[in-house]
Every structure is written in C-alpha cells, then in structure tokens.
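Next up: the structures, one after another.
Next, two complexes with chain A in common: one pairs it with chain B, the other with chain C.
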Partner chain A sequence: MRLRILPYGVLVAGCVFAIFPYFLTVLTAFKGPGQLSQTLPWEPGLPPSVAAFDRLFASGFGGYLVNTVLVTAGITAGQVVFAVLAAYSFARLSFPGRDALFWVYLSTLMVPPVVTMIPLYLMMQKLGLVDTWAGLMLPTMLGTPYAIFLLRQFFRSIPADLEDAARIDGAGRVRTLVSIVLPLSKPILVTVTTLAVVANWNSFLWPLIITSSEDKRLLSVGIALFKSEIGVDYNAVMAGSLIALVPLLVLFVVFQRFIVRSVAVTGLK
Partner chain B sequence: MLRPAPRRTRRVGHARQTLAAYALLAPSMVGVIGFLLAPVVIVMVLSLFDWKLLSTPEFIGLANYHKLFTDGDVWHSLLVTLYYVLICVPGTTILSLLLALLVDRKLRWMKYFRALLVIPWMATPVALGLVWTWIFDPGRGALNQFLGVFGIDGPAWLSSPVLAMPSVAAVHIWQFAGYNMLFFLAGLQNIPPSLREASSLDGASPIGHFFSITLPLLRPTMLFVLITNVIGSFQAFDTIFVMTEGGPGDSTEVATYLIYDEAFRKFDFGYASTISVLLFAVVLIATISQFVYFERRTTYDFS
Partner chain C sequence: MSQKLSRRTFLIGAGSALALAGCGSSNDGASSGGGGGKVELVYRLWDEQQEVGYKAVFAAFTAENPNITVRMEVLPWDQYWTKLTTELAGGKAPDVFWLTVENFPDLAGKGVLAPLDDVISKAGLTLDSYHPNVVQSYKFEDKQLGMPKDLGIVGLLYNKDLFAKAGVTMPAELTWAPDGSGSFMDLARKLTVGDKQWGFCSWNHSQTQWLNWIASNGGHAMDKPYGTFDFAGQKSIEAMQWARDLIFKWHLSPDGTRTNPPTGQATEMFYRGEVAMFPANNALLPFALPEVKFPIGVAAMPSGPSGRTVVINGLAEVMFAKTKHPDEAGKLVAFLGSEKAQKLMGDAGYVIPALNDAGAGYTAYWKKKGIDVQPFLDSAAGSTVNMPIAEGWTAKVAEINKAMNDLYLDKPEVAAIAATMDKIGNDK
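Showing the complex of A and B:
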C-alpha cells in the first residue's frame, strides 16, 4: 500500500505544478480590479467579473483573435498540403536529383529560424510584402522540412502494391494519393497537423517583425504589446493570455490520447 | 502476347514522372530553398556589408567581424545565452528523465497523468511569459505570497540581475519537461523487459540497474532530447521578450534578443547579420559536437 501511495503523491504534485499557472490565469482573469489587491492569487474573486475581458475587447482583441484563427488555419493548410505533395514525390517517384534534393531539405532542419529572420524581412521588403497577409504567411506556408520528413517516412511504409493496383485500374498519381495513400495515413496527418497548429498559433517573432498595422495583429503580438501599452493591469493581461492559451488546451483535451502517442513517434526515426 | 514496351515510350514515361515529381515538389522547393536555404546564404553575404536603414549597402569585407570580436556586448550576450542553455538543457533533461521513470509503470489513470504533464508544452510562450511574470511579481505574485505563508520575504525575482536569468530559465524547464518526458518514456518502453529481469536476477539494485543498463540503452533518446533542447534554448526569445526585455541591465539579453534589437530597433542590418552568423556557427558546433560525442559511444538497437 505504501508503495502505491508514494508514486501517486509525486504524480499528483507534478501535475498540480504543471497545471497551476493555468489555474492562476483563470482566477486572475475573472477578478474585478479591486478584487486583485484584496484576494490572494489562488483565491477566486467573488463574484466573478468579466470587466477585464470587456477592456480587452474594447482595445481590439476580438480582431486579433479572428486574425490568429485565420492565419493559423491558412498556414497550417498550406504546410500540410504542400508537405504531403513533396513527401509523396520523395517516397514514391523516381527522378534525377531526388536523393540530393532530399538531403538538401533535411539539412535545412539545422537552420535556426532566427538566422533567416533578417534576409526574409529584406526579401519581403523587396517583394513589397511588409505588413501584408502574404508577407506574414508566405515564408512558412509552403511546407516545412520536418513535416515532409515525417510524412515521407510514413508513406514509404505503405505497401506499394496497393497503389500499383489502383494505377493499373487507370487512376492517376494525384488520385492514387488522395484515394489510397491519404486514408491510410490518418495518424501521421493528425500528428503533422497538430504540430503545425501549435507552432503557428504560438508563433511570435516573425509576426512581430513583419506586421505593424493593428488590423493585421496576431494574439501573441497583441498580448506582448498590450503589457507595454497599458502597464501592469494583470487582470487584463491574464484575460488576454487566457484567450491565447484556451484554444490549444481545447485541442489538447479533444485529441489528448492521440497527441501523447504521436509526439513520442516524432522523436524516433 | 506481352512485348517489352518500346524504348521511346519508356523514356517518355520516365520524363513524365520526373515532370510530375518536380510539379509536386515545386511549392515546397520555393519554401525550403527560397525561404530557408537562400536566407542562410544571404545572411552571410549581408554580414559583409554596412547597411543601415535608408543607407545604400556598402561592401566592407570583414569589418563587421572585426567589430564583432571586440564588441563586449556581443560576447556578453553570448555568455548570457550559454548560461541560459546550461540551466535549461540539464534541467529539462534530468527532470524529464525522472518524470519518464515515474510514469513508466502501469498504474490506474496513468494516461491522464501523462497528458496533464505534457500540457505546458502547447502553451503560447508569450502568454506563458506573462503568466509567470505575474507569478513572480514581487508584491502580489503567487510565489512571494506563497513564501509569505512560511514567513519568507521573497525577492524581486525578475528585477534582480542575479535571479532574473534562473527565473526565466525555470519557465523553460517548466514548459518542456513534460514534453521531453514523452521521448524518454518511448525510449524506456523500447527496452526489452527481459533485460530488467536478468539484472534483478543478478541482484542488481534498482539504482545500479538504472546506471548500468537503462541509461546506456537510452542514449539515442538522450541524443535527440539534448540536441533539440540545445537548438531550442539557444534561440530563446518569446518568454524573455515579455518577462525581462533583456534586463535588468543586460543580464538576460540573449543572442536572439540582441539580433532583434540591432536589426529591428537600430536597423543595423549588416551588423545584425554578422551576429546571426556567429549564433548559427555556435549552434552548429554545439549540435555537431554532441553527435560526435554520442557517436563514439556504442548504442544498441533493439527495435
């Protein structure tokens, strides 16, 4: 019995430690201005107040939220579709330069995004895309080497006979891909999509640099600047953070079992 | 009767396949080569130029590098980054390994415990940085209020030049320990149970077993966790941007922050590029030396 209690105790303590910042965020976001100084951080403000959210939305947060949802969806869709096309090409077609090109793709995994930041900005400037939706989305939406690598490995594990059968029946490459390969690849597609959604939703440095007008501002940039614009209004800052944190939390709860399994897969070749 | 296809059609078929392949690859080639590989080349070229906002770029050879080697700010920033990496990487790795050992057993509700521990990984770093700024707030923040319960007068965590960096690094560890736990967990579950039984028959203690059997078998996982964490923490920016803005003074001014500052606040693109090249070189050396270190040691593959 003693042996059972100890691991549970440590586990519960660990989980509480992992979750309590979320808990504090919720509590703080729903306190009224006066309640913040009258209550301890881990005490709820009674009655709960949505005044902080009112202040946020009055300063344009609704727009940031919509922008973030649309930009995340757009970049993610692009990344997944173009990565699937590239991965299929690498996995199934034979063409001159394939291995060299794949090696080039892999080598870009080593490039830290920070290093590409200045050249990308100057490229977007040359193209006249600074402070535009295209400039915000274009550099990352054409496929990431990591997703291409993961998908290629998976596609290669699908028996080629299945596709050959479809092709003998006269299906073209794209139809084979859509009707045979993709339905068999659901697990890896969910993995790649989830990783992309998390990365794009959380993205900060590039949106900070490339956009300046408020109508193109994303949540991450919005809350970071909000703090410096209004000072330490912790009610509102926590309400803003909550809006940024909750959608991914919901995503996690819905796909929880799946994500835990698939994250581990991405670590192994 | 079947006859081999005439040579011409086969060649046409091959050409068509090549065409199809490159058509499918075209978008990602623009993305990977145009927006990832080309910028690396461009940043190296830019580092040889004097280019400030509105001025015409002027080729100045290695003058930026000369400035770099005598620039105290750059070296200070590099040391600060190294300090951050040296707290984050061992901290995250050790904690995630301990967590993996803890959750690698068959207990009720274990999958929920694992899931809860992974949640911080998904948090938006900027939002997280703000949440922790609030927790670290010297006056009303949760940490000092909590310490106050025990009669301890907590310090001003983020405005102390000594404590700011460990505090910021603690947030990184908090965010990524559960995530990295999953990789170690997968590694642990790859170890055949027969090895565990064999060594307990030999009378090895659990701790002896861990160091002589488990740890060596986890080397591939260890390499992956170390490399991804080193690369990631060398690029720390988001949480630092909202928590300390590089301060107090320049005590948390990591390399990425310095590059951002030089390029997008002082608009010195040439010199900022030079610092980028230096950071890239440091990350590359750190990555390759880990590969070489682990390569020299034998690993066993059971899969």
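Showing the complex of A and C:
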C-alpha cells in the first residue's frame, strides 16, 4: 500500500505544479480593474469580470485570431507535405550523397533561429516579401529538420517487404507512399502535425520582424502589445493567453492517444 | 531497388520553389507611394493608448497636406527595438519613429537619423520653444536629430486615504538631507505603521529615485552627456546612503528583498495601499488610476540640500535618414513639433508636451479626473536633469541598474557599489 501512495503522491504533486500557471492565467484573466493589485495572485477576483476580454477584442484581437488560424494551417500543411516527401526520399530513395545531405540538413537544427533571422530578413527584403503573407509563411513552410528526422526514422522502421509487395502489384513510388506507407504512419503523422501546429501557433519573433501592418498581425504579437514601457496590462495578457491556449488544449486532448503511442513506437528499432 | 533522382527532376523542383518565392506582392513595406503624387508615410510607436490620440493628429496633418497620409505601426515596447535593429541592418526603417533618451546613443552615431535643423528652421519653428533638457537629449555633434515630443517628469504620488487616516496633510514643500533631518522624513514617520504600512518606498529605480537624490544633494551621476560617470563622488555617495538609510536605519520603507527589480512589487505595494508616498513619472497616472481604490494626490519631489532637481525623460520623434520621401517626412516631423499637434496630445491627457507653455490642456484633463497634476508641470519648469547617456548605453544601463540592487539590501558598502557602477559606465 505504501508503495502505491508514494508514486501517486509524487504524480499528484507534479500535476499541481504543472497546472498552477494555467490556474493563475484563468484567475488573472477574469480579474477586473483594481482587483489584480488588491488580491493575492491565487485569490479569485470577485465578482469575476470580463473587462480584460473587452479590452482585448477592442484592440483587434478577433482579426489576429483569424490570421493565426489561417497562417498556422497553411504553414502546417506545407510542412507536413514537404516533410513526408523529403523524409521518404531520405529513407527509401538512393541517390549520391543522400546520407551526407541528410546529416547536413539535420545539423541546421543546431543553429538557433536568432542567428539566421537577420540574413533571412535581408533575403526576404531582396525578394520584396517584407510585410507579405508569403514572407511570413515561406521560410518555414517547406519542412523542418526535426519533422523530417522523425518521419525518416519511422519510415525506415516499416518493413521494406511491404513496399516490395506493392511494387510487384504494380504500384509506383507515389502510390506506394500514399497507399502503403502513409496509412501505416498515422501516429507519427499526428505527432508531426501537432508539433508543427504548436510551433506555428506560438511563433513570435519572425512574424514580429517580417510583418508590420495590422491586417497581418498574429496573436502572439497582439498579446505582447499589452506590455508597454510603463507597465503591463496583466489581465489582458492573461486573457489573450487563455484564448490562445484553448485550441492547443483541444488538439492535445483529441490526439493524446496518438501522440503517446508514436513517441513509444519511435523508441523501438 | 530505388530510382535515382535525375538532375532534370531536381532542377524542375528547384525552379518551382523559386517561382513560388516570387509570388508575393512586391510591396516594399516601409513606405509605399500610391499613384497621383500621393505619399503614405509610416509612423511607428509603441504605445496603444497614444495611438488613439495620434489618429486625430494625423487627420489634422492630412487636412493640411492632402497628398500625404500617415499609417501608424504600433509595436510592443520590448520588441520595438528588436525589430528596429533588424530593419536598420537591412538598410530600412519607418519614415518617422519614436525614440527614447536611453536608445538614442546607439543610433545617433550610425548615420541612420536625419538631422532636423533645416526642417525645423524651414517650418518657422525654433528649438528655444521646447524644454531645453529634451532638446539637449537628442542633440549629437551639434546636430538636432530628434523633434522634442513630450516629457516625462518625476513627482511624488501619495495616497490621500492614508494621509487622512494618519491625520496629516501634504505640505507645499518637503525637504530632506543625508543626515536624516527635514520635513519629508517627519511626514514619512507619521505614515509608517509597524511593518504593515510604509511612509515611503525607497527602491531601485534610477529615473524616479536615486538619480533625483544624487542631483538634489548637489552631486551628479555624469559630468556631461557622453562624459564620465561619478557615482563615487562624495555627494552621490551621501545621497545613495540616504536611500539605504530610509530602509535599514529609519525603517520607513520596505527593503530590496521585496522591491528589487525585476519584480515590479514596489508599484504594486503603492497600488495596494501599503505605501503612502511613491515617486513616479507622470506617465504612470493612466496606468495607476484604474488599479487603485483611493484618491491619488500629486506633490513635488522633496528638495534636498541643494534644492529640488528632478529627473526629466523626454521622448522625440526621429526621421530615418534614408527615407524615400524626405520632403514629406520632414513636413510630418515639423507638424508634430507644431503647437497644434502638441496641444492635441496634451489636451487629450496623454502627455505633457515638450513645447513650452502647452501643458494647460493636460492639467485641465486630469483636473476632470480629480487629480491636480500642476506639481509635475512646476517641477518641469524648475531645475531638471537628464538621464545620463554614453556610447553603448543600452548594454551599460542594464548592468548599472543591476549593480544598484545591492544598495537596497544591507550589503556591501555604498562606496563599493558606486565604484562598481563607475567601472561599468566608464569602461570603453
């Protein structure tokens, strides 16, 4: 009995620790004017107020939300499609320098994005893409090393015999990929998609640098606007964070099973 | 078993990727002129509240200059500088944008800010009409690189409820001295209740705290703009020691374990009614008002052994040296410096205009909200001192402010802290 209490105790403590920031987010988002400084952080503001949400939407937050959904969907779709094609090539096609190319590409994971930001900005400027949707989306739309790595490892673990059988039945490369490989790769595809959605949804620095007009502004930048030189409107920041959080939460709850499974599966060789 | 990727397939792929990259519209972003001689200028700022005010200003500007429209870009305060730096590395920037005293030195020497002397004289304006400290802050090698916009001035906010409860009133003049004498400390004593309520909050904030004490004690943080730091001078050390004594010797203020940045707790304590008197920049008022449950009073800062000298922190609008529309941007800058534009912003209660004698509307606005802000304006008209600036300042100022955290803890010696700060500031 004691042995069971201890691990559960640790798990519950860990849970509380992990949930606490979100708990504070919810409480702070619903505090009205003056309640933030008059109450303790973990004390609810009574009566609850939606004033922060009013300020948020008065600042054009609804439009930013729509932009973020569209941009996230666009970039994610691009990343998944191109990553599948690239990963399959790295896993199954043979061409000169394939593995070298793969490792070189993978090594770009080690370069922090901050380092490439200014050169990337200059490239976009030369292409005339500053403050355009294309400039916002293209640099990351053509796949990411991490997604390609995950997919390649998974594709390699699929028995080649299955693909050979398809080939004997007359399927070409594309048909094999679409009809045999992809259906077997659902868990990893869900994982890669989820990771892409989360990364693009939260993306901040690049959208900030490359876009300027308000009609192309994203959520993350819209929330940061409530942090001014003099002070921070914590209520509005938390209200915005709460709204930004909900879609990710839904995504995780729906696909949780797949995500856990794919991480477990990729561990096997 | 596998096909080779032919060179031709590869080239087709690469070609289509490039074609895709070329798809975006080639809008240059920074400034785009439409047809028919119409010009759109980009004006960048970081304050969402003031954005509302500037809509009226730019409507008035376009009424006078029908061919020029202004598009505002509001950015978050922290990221304003990240984005500006990246853009300047790419050789572009908004046509006209805001600048602070702290960030001025990093840009002034790089040739990215257009000299405004011609713009100012051509528009029939004269720099003598603006607050001299704000004018001085944006001067570099005898060229005026910034149009004085507004000024932030430090005053003493106080909690009128706590004053009433203690049965005291705010006198017209408060005094302090390093030895602990003066009416300011007597008042703070009456407003301190055990360790629940503090008469004052002595905390690490350069603009509203220690720079004022140093100046009012007859010392100086720096001998001249881009000069030498002198925190270790005797007058400076006395003033810093006094700031520490308020906490540890006379127990009139919470200590640095609670108030040291980056917590932001000092301001919160005033909002909660735990601190009776709290020095602040006038720009804090719009943020403080919705957060407090007591009436706020405003008084002038206490005057020290060499009188009252208050820190002033002015903003300026600057013009990008390589703007595509120098004539139009010049007209905009001149308009922003005009009485009409400055009064529009002042009358709506956003800022105290940098233009002399244009603050009446600001006072009237806050009077309607029940706050007499005249002490702020009087202080601005009295003896004022600029925040120090030096080459590479944005990196140094963060280090200096961090070193000052120790003053509000009971160690080490004040002289040692001052020496550290001088070293950071004077190192090349």
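Here is the rule we go by: the second predicted complex is superposed on the first by the 232 of 269 C-alpha atoms of A that agree within 3 Å, B and C clash if a C-alpha of one lies under 4 Å from a C-alpha of the other, contacts with A are read in each partner's own complex, and residues count from 1 in each chain.
We adopt the following convention: a residue touches a chain if its C-beta (ideal position, glycine included) is under 8 Å from a C-beta of that chain, and two chains touch if they have at least 3 such contacts.
Everything numeric in this text was worked out from a predicted model, so none of it was measured.
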Simultaneous placement of chain C and chain B on chain A, clash or fit: clash
Touching partner for A:K227 - first (chain B), second (chain C), both, neither: both
Which of chain B and chain C A:L142 touches, first, second, both or neither: both
Partner chain(s) touched by A:F95 [first = chain B, second = chain C, both, neither]: both
Which of chain B and chain C A:S37 touches, first, second, both or neither: both
Chain B versus chain C as contact partner of A:I209, first or second or both or neither: both
Which superposed partner A:I5 touches (first chain B, second chain C, both, neither): neither
Touching partner for A:I168 - first (chain B), second (chain C), both, neither: neither
Per-residue contact with chain A, leading partner among chain C and chain B: B
Chain B versus chain C as contact partner of A:M117, first or second or both or neither: both
Clash-bearing segment of chain C, relative to chain B, as chosen among 60-68, 78-86, 204-212 or 276-284: 78-86
Chain C-contacting residues of chain A that also contact chain B: 36-37, 89, 93-95, 117-118, 121-122, 138, 142, 173, 205, 209, 221, 224, 227, 232
Of all residues in chain B, those that touch chain A in their complex: 17-18, 20-22, 24-25, 27-33, 35-40, 42-43, 46, 99, 102-103, 105, 107, 111, 113-120, 122-128, 130-135, 137, 140-142, 145, 174, 178-179, 182-183, 185-186, 221, 224-225, 231, 234-235, 237-238, 241-242, 255-256, 259-260, 263-264, 269, 272-273, 276-277, 279-280, 283-284, 287
Chain A-facing residues of chain C, complex: 1-5, 17, 20-30, 42, 46-49, 71, 73-79, 82-83, 86-87, 89-90, 92, 100, 264, 267-268, 271-272, 281, 283-284, 287, 290-293
Chain C-touching residues of chain A, taken from the complex the two chains share: 33-34, 36-38, 59, 89, 92-95, 117-118, 121-122, 125, 127-135, 138, 142, 160, 164, 173, 205, 208-209, 212-214, 221, 224-232
Of all residues in chain A, those that touch chain B in their complex: 4, 7-8, 10-11, 14-15, 17-19, 21-22, 24-25, 28, 36-37, 40-42, 78, 82-83, 85-86, 88-90, 93-96, 98, 101, 104-105, 107-108, 110-123, 138-145, 148, 173, 198, 201-202, 204-205, 209, 219-221, 223-224, 227, 232, 234, 237-238, 240-242, 244-245, 248-249, 251-252, 256-257, 259-260, 263-265, 267-268
